[in-house]
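As written, the chains take the letters A, B, C, D and E, and residue 1 is the first residue of each chain.
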Amino acid sequence: MVHVVMATGFLLILIGFYGALTHRNLLRMIVAFTVADTGVNVVIVSVGHMRGRSAPILDRAVAAADAVQRIIDPVPQALVLTAIVIGVGVTALMLAYAWRIYRQHRTLDIARLTALKG
Amino acid sequence: MDFDWMKIPYAFLTVFIVVNYGFLMGALIQKIGARAGRRHGIPIWQYYLDVIKNYGLRTSITHGVMFYLGPVFRLSGGVGLLLFMPVIYGSYMFSNFSFAGDLILALYFVFFGTLGMALGAGESGHPHAAIGVTRGLQQVSMAELPFAMAVFSVALQYQTLSITEIVAAQQGGMMNWTLFTNPIAVAAAMLAFLGSMMRPPFDVFIAPQEIPIGPPTEYHSSYLALMQTNRAIFPVAKIVIYMNLFFGGAGSWPELFVKVFFLYLFSAFVGVCFPRFRVEQSIRFFLVWAVPLGVLSIMVV
Amino acid sequence: MVINALHILATGLGAAFLTGLLDEKRNGLAFMITLGALAFMSAVSAGWLVLFAATGAHPMDIQTAGTPPPFAIALRMGLAEAALLTLINLAGLFAAMHMGETLLARGRRAMAVLLVMVMALCGLVLTRDLFNLFVFFELIVIATGGLVLLSDDERAVSAGFKYLIVSQFISVLLLVGIVFGYHATGTLNIDGMAEQGSGAFALAFFLILIAVAAELKPFPANGWALDIYESAHPGFAALFSAAAASAALFAFDKVLAIGGAEWLPVATGIGIVSFVAGNLLALPQTNDRRLLGYSSIAQSGLILVAIGQQDILGEHYLFIAGGLLLSHAVAKAGLYWLSGFVAGRELTDWAALRQRPLLVLAFVTGIAMLSGLPPFPGFYAKWELVHLLANEGRLALLGWILFGALVEAGYLFRWFGYAIKRESAHTIDCPPDRVIPVIAALLAGWALGFAWGELSGRSNLLLVLPLLFALAFLLLEWAPAWLKNTLAIGGLSLYFLQTWQDYDPLRLIFLVIFTLGGAIIFLASFHAHGRRIGFYPSAMTMFAGMVLLLQATDSFGFFAAWELLTIGSYFLILRGKESEPHALSYIVFSLGGAFLILAGFAIAAASVVTLAPSGAVSPAPTFEIASLATLAQPVAPWVFLLLAIGFMTKTAAIGLHIWLPGAHAEAETDVSPMVSGVLLKAGLYGLFVLLMSMGRQSLYGVDLVNLMLWIGAITALLGNLMAIFQEDAKRLLAYSSIGQMGYALFGLALMNHLGWLMALMFVINHYVYKSMLFLSVGGVAKRTGTRAMYQMGGLITLMPLSFIATLVGIIAMSGVPPLSGFGGRWIFYNAIMDADTRLPMVLIFLSGPIAFLYLFRLIHTIFLGQLKDEHRRLKEAPLSIVLPQMIYVAILIGVAIFPGLILRRVDAYISQFLPDGALNWEGLTITSQYGWWNPVAIMIVVACIFLLIFGWLLFVNRKAQKVKQFNIVFSAERPYRPETTHFAWNFFAPYKKAMGFLVQPFVTRFWGAITDLLHTAGDLGRRLYNGNGQIYAFHFLIFVVVVFVSQLGM
Amino acid sequence: MVKRLVALALLAVFGLVFATLLTGYAPDAELNQTARYYAERTAADLGAANIVTAIIVTYRGLDTLGEVTVLFLAAAIVGLVLAEGAHDRSRMRPPVGELLTTGTRFLVPMILLLGAYVFVNGHLTPGGGFQGGAIIASAVLLMLLADPLRHFSHRLISAIESLAGILYVAIGIAGLFLAGGFLDNRILPLGNLGELASAGAIPLIYSLIGLKVGAEFSSMLASLSETEEP
Amino acid sequence: MTTKPELMKRMVKGPDGLEFEVDPLRDYYCEAPPTVMPGAYIQIVEDFFNWARSKSLWILGFGTGCGAIEMRPLMTPRFDAYRFGVAWRPTPRQANLFIISGYLSTKTLKRAIRAYEQMQNPKYVIGLGSCTINGGMYWDSYNTIKKLDEYLPVDLYIAGCMPRPEALLAGFEEMKKIIRTGKAEGANQYAENFAWYKANQKRVIHDWDMPDYNW
């Protein structure tokens, strides 16, 4: 089960990469990266998963005393939050850049932004 | 150090003998050359007359200090070369100032006069003089090479740089001469000898009708007289080196006269037989024929 | 009293947030807050630095959340961290100052971004948590994305986007790696992971490592970085190159610790490829900032190599990596800030800097630091690194490092040459807020140099008196030239007086030439008016290098001195009007030679130590020069070869000579004799030392000394031969120097007593007559305004003293008795009598008369022949130039008469090494086993004959009419004009016909082909970077795959 | 075409790497040392019921500070980029539908309330500052949809954002002096597990984060809405 | 007087920026006039020199006109003038005897004057053939001179059109006698009557483009 999720995550990463490598439109590339980011997040969450355990919140269902046996690994959960937020930040930044580029060059084609080279 | 003051009169005596011998031998060679052209040629004392006349001319001009000093350098070079060598083997009287240096001194002092002459001619401002000098220098640079190698070979052979010792090693019969003990070196040296005697085929630097006699084109009167005097001394002095190195030296004046004469005749003989080389031709000639001989002489000694 | 390091982060963040509270209009206040925060952060980190440096305390772990690691994020503060933080924060502070105008225009948001950037860099250095590392990386990425936009260059936007694209790929790989690493080890703490080792999660670790490595912009995955370097605001580019790269390198080092030793080759591999490729690619660059970008990549690569080699660097690791890193950071920041002053983006536009000498000083400091020249940290670091590499036998790596460094020095000094020699239409203004950062970098550079000198455990170059004396002239630049000149002469003379007793006769001769010889040439420098900025520091650095060379007893001192004299002379040569390309080829060849020497020393050090008495635990990278003698096969011949080639580069042996003619010919009047008469002797000294200590060596059956003999002979021949075809008087002399050095090399390589004596004779003679001739010709060139000999002529009456100097010079040089050159020839003939190999003599025999040819040409075409119209009113060269010539004339005659004064003692000294064949100095006659020579007698006899004949001529020819230059017999015509009557052009045309095949510029073509090859390689490499951000992403992925595959292969 | 093939080839290698990771992955049967520590000690040490929250806010508080900084940065840069495109506000736009306007009026207070609830209870239940902040920002988005010309006070937004940020940092520093270290939540009493006013400074920090994130998202949205069509 | 551009005064700028005037005739040529050079103070010495001079006649190899063709056979085995101490020198500096071999066009006259003046005192001139005596067959030519001794001090004429080499040999012997008796003082005559010679020369040579006396 976990493997399926993880494989999905990896597949998403690859799809994202492929999209980013083959699409020349900036917006499509950004979307592709979002896909890849999602894939990474899926992978992270799947790594922390443990069969038959519940969320790492101590409440009536999970007592503090036997938490060790009852909860899944909380760390990836924490990491994924950070990863998501950072992904959001970067995506926002890239969109802003795309806007600025379009405004300057009237194009979103990455292959035409080659004023700097060599 | 103690200096034997008697060496000074002896030196004058040496110069005196050599000057007279040089004038007469020069004229004789000239006559021999004329005979080759079926002429009588100049009188035997002609060179004396020419020198006296040139000293007797009433005017002269000068282009400047170096021009003035050029012939002085030239003659000093000749006289110095003569006096720095033991002319007569075994004679204290005619060893002159050879205590000042060995073979190397003689070899390098050859250039003293050449350099001064070149500078003097240069100051005359005459392009032909400069052309002549450059031609001469270029030719001599390559002509000297086989000679230098031959000298090195001989020095190695006898393990000394002292002329006296080299001559001493050749005593005791003709077969002890370097000519026979080291023939390759002598062959190389004799080719070089041709190149340094200002005779055809290696006389393009004075080419009389092209660059009217090259370096001395502006010289006249007493300058010319000095140079003529040098023409009597210098070839003899130079031949004395060859004689000492390769032909057993001379134990007495008559022996010297004979050997020098034949050596001089050798160059005259070649001179009347061959036309003139251009500079690059003579350079190539030495490079192709003389230099390999010299190298060989170094290698086999 | 130090403040918790967390305050650095907190201050950065707090200040960033605080700016948000301010009104949009109050940008000034926001800027003050920004500067204040950065200053506070700098102060805190500097406090830590002082603490660690002073007490040597252990690194300190800082917990957060009141929980110990690995359960909470922990930070660590140690010496390295403190140094880096100081660097980062100061770079941030000065970058803020430099960008002040832009920041004020863009408002508080921009300042907040800058603050966060600096804070994140600090965090990257401090944190010990892997995921936290990722967070800081992302912060840096985003902040970079923001700061790139501060540029006025519109292209920066696309550059920023390219950066974001690639960093997306990087972050994906990094995250995947981190999470699997966490899974495998159960911790995110770097130290915790390191304890467990990466064996269990090698693949994940690979992803982490490669992602962090990509942040270092390794070749070829670095197109985006170059675009940023080129287009970003220079203030930010400085931060990006200096601080960001440093922090990333430190992060890489931390991450690498997890992997352990088996991953070090990856770092080394990436590093060396980046170093070499970065430098090659920089070679064809014409844009200054892009060039700096390539250089940054290369430097990061070099530091990466150091990181990758940490297993062998041991306790020196911090010293080396830190030295390289700080050198690079400070220099690069300074250079980027400098680029802010330059209006144009072409390298040649930097010529504008000349308007401000201070900026030029900063520029040259930066370049010297990048090139690893003394006295900067890179020099010490390179020394240690190379030695340790050699000690481990990693010679291929060593070779590549030196090659890359040479290429780097090549383009940097070419650039410097542009700045000094080209013209720029732009002017520069220096607002204080932009000058301060540059000055700060300048001071930091020198301070670091001092610090590294102290840390090196060797003599600190910045405390060495001669160098200090030279550097003091930097402070005296305001003073008039005559004052500085007097000081220089005084300094050199005083140094001689103070130290001459300390030397053996051989070194004493060199000392005399280096100090008193220099002082005499300095007399000629009195002709200069004004302040002559730059001349004295350079010249005195050269002289300092030379005297230090003599002082040096160990390899380090020797090499440092060697580098100093090289740099000093480079700056001197560069001062000539047309000398830019020649100075460049000089420095490239010299540094190439120096690197060979370095490699030789390093290899030797490795073996010398094994022979040293036991007790030496760690290899001491320095050894006594004299102990070169203890080297054994098979190392010894290789060391000999490297050192010999190194020294022969300086003496311009054939094949390595092409730098010399231009460098010596184009130099200023008084510089030519310095570099020719004095400096060349340094190379000979090196050869002396080498042969004294190592003697004969053979490699694959080839006797190397014999090889040197051949090289010397060929050099003598070809140098002279080339000299005769020169139309330029100084070039002629320069080629002649090549030939003369060939003679000296030949003499040394004879390896017999007299050969050495002859070489020493050449050392003295060549100094005297070459200095004299260069001064004489220089004086003439100064008066006539040309160096083409055919344009001169007939100057003998106008410049009689110069003529006399030249005359005496050429007589001495051609070896005609009675002057001193003859002594050299005499010794030479006696020396070759003992030689084993005879064939090379042939070449020497030939080169002697050839020397005669060019000497005659020199004196004839300048002083004799026809005087030209425009020269009729020329005056004798200035007294200051003539005076030293007259001194030389006196010396030459003195040496000619009493050669024993000097040679006798040296003769005795040489007997220690080569006892056979010493001369006998009884009385006035000098006797060898083959012949004799009596200089006094020669002089007297020649003088008497000459005077006698002269007197006779004066008597018979007393009425000579002085005539003028056209009173010549001209086939009954008259000359047309002096120009058409002066025979000077193509003087030795027949020689060219006969021997011209020998002087075809084969060597020039060879080196030209090499440089073309490098340029072509660089140009091909540039095509990788086609500007397409997507392709850059491909580069990155290909890079990952290649490293992955090669790692699998290993 | 070549590009695609190269891309596929490269990705094949990456696929291989990922596949190796995947096949080599075996889920843990027991919590590893770190997770075990959190499971055992969080309740006692920090008094937070939601372990994830405890990790985010306290154990890995520095990460979280970085996260909000990322958003802060993104907002600032987006503002910086878009500042030049801020359009002329006088231009008229077609009115939006009645349904949206009314719905907005009805929903916005509730959304805001929900957001506040989420972040205040972050230490007890799933959710927290980021989630809450995002919910708050969605209210702003709704308002913008309803009235595209609506003007939000950037000054206010940024004041909230900055103040929250400064306070966050200040609390962190307070931890340095009053408790065990930077961002230690134990500067306030821990209270009883499971109560609202428990877990020390966690609710406070999470609230600040919520406010800050909400402000940052809002700021970005506002910037975007004020931006002219390029 | 002179129109040759290379001999005109010109302003020249030196390398140091100084401008000055160059007058080629003054700056490039020695302006001193020739002087009368007395012989040796002691007569016997002068006689000795005259004897040597007569035995060593160095001819300037300058064929000015058609008569030059008659000089060449003198070097051949048939006549072999070298026997008599006669030799040819390629440069006037070293020659003592100037044979004007036939007619002199005014153009050649200029060269002949130059060459003569560049020879050293004592120097002798022999006029060869009728043309040098009275113009010969060119007596009414517009561009040849008629009486050589109006322009140069002639010591000896050898008449004939053309005189054979034997006549030349005889002339040399005659010349030697003149020298030995001390009467061959042409150079001093020239110096004494310098103004007269120059006036004559300048009368026929219209493009006079050299200093008055060519040292």
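Brief remarks on what is shown
Note that in this section a residue touches a chain if its C-beta (ideal position, glycine included) is under 8 Å from a C-beta of that chain, and two chains touch if they have at least 3 such contacts.
Small disclaimer: the values here were computed from a predicted structure and weren't measured.
Once chain C is taken out of the picture, touching joins the leftover chains into the groups A, D | B, E.
Path length between chain A and chain C in the touching-chain graph (shortest route): 1. Put simply, the chain farthest from chain C by mean CA position is E. Legend note: the chain whose CA centroid lies nearest the centroid of all displayed protein CA atoms is C.
Comparing the centres of all chains, each the average of its CA atoms, the largest separation from chain A belongs to E. The interface carrying the most C-beta pairs in contact is the one between chains B-C.
Rounded to whole angstrom units, the spacing between the C-alpha centres of chain C and chain E is 70. Per-chain Cα centroids separate chain D from chain E by 118 Å.
Computed from the mean C-alpha positions, the centre of chain A lies at a distance of 99 Å from the centre of chain B.
Inter-chain spacing, taken between the CA centroids of chain B and chain E, is 35 Å.
Among all residues of chain B, those that touch two or more other chains are 58-61, 212, 217-218, 221.
The set of chain D residues touching two or more other chains comprises 3, 7, 10, 14, 18, 21, 25, 28, 32, 34-35, 38, 60, 63, 66-67, 70, 73-74, 77, 81.
Contact with two or more other chains is made by residues 131, 135, 138, 142, 145-146, 149, 176, 180, 183, 188, 959, 961-963, 965-967, 969, 1034, 1037 of chain C. Every pair of chains meeting the contact definition is listed here: A-C, A-D, B-C, B-E, C-D, C-E.
On the chain A side of its complex with chain D, the touching residues are 2-3, 6-7, 10, 13-14, 17-18, 21-22, 47, 49-51, 55-59, 64, 67-68, 71, 73-75, 77-78, 81-82, 85-86, 88-90, 92-93, 96-97, 99-100, 102-103.
Within the complex formed with chain A, the chain D residues making contact are 3-4, 7-8, 10-11, 14-15, 18-19, 21-22, 25, 27-29, 31-32, 34-36, 38-40, 42-44, 49-52, 55-56, 60, 63-64, 66-67, 70-71, 73-75, 77-78, 81-82, 85, 124-126, 130, 193-194, 220, 227, 230. Chain C makes touch with chain E in their complex at residues 783-786, 869-874, 959, 961-967, 969, 972-978.
In the complex of the two chains, the chain B residues touching chain C come out as 1, 55, 58-66, 68-69, 71-73, 75-76, 79-80, 83-84, 97, 99-105, 108-109, 111-112, 115, 118-119, 122-127, 130-131, 133-135, 137-138, 140-142, 144-145, 148-149, 152, 155-156, 159-162, 212, 217-218, 221-223, 225-226, 278-280, 283-284, 287, 291, 294-295, 298-299.
Contact residues on chain E toward chain B in their complex (touch as defined above): 30, 37-40, 48-49, 52-53, 55-56, 58, 76-77, 80, 82-83, 85, 87, 89-91, 93-94, 96, 120-122, 187, 215.
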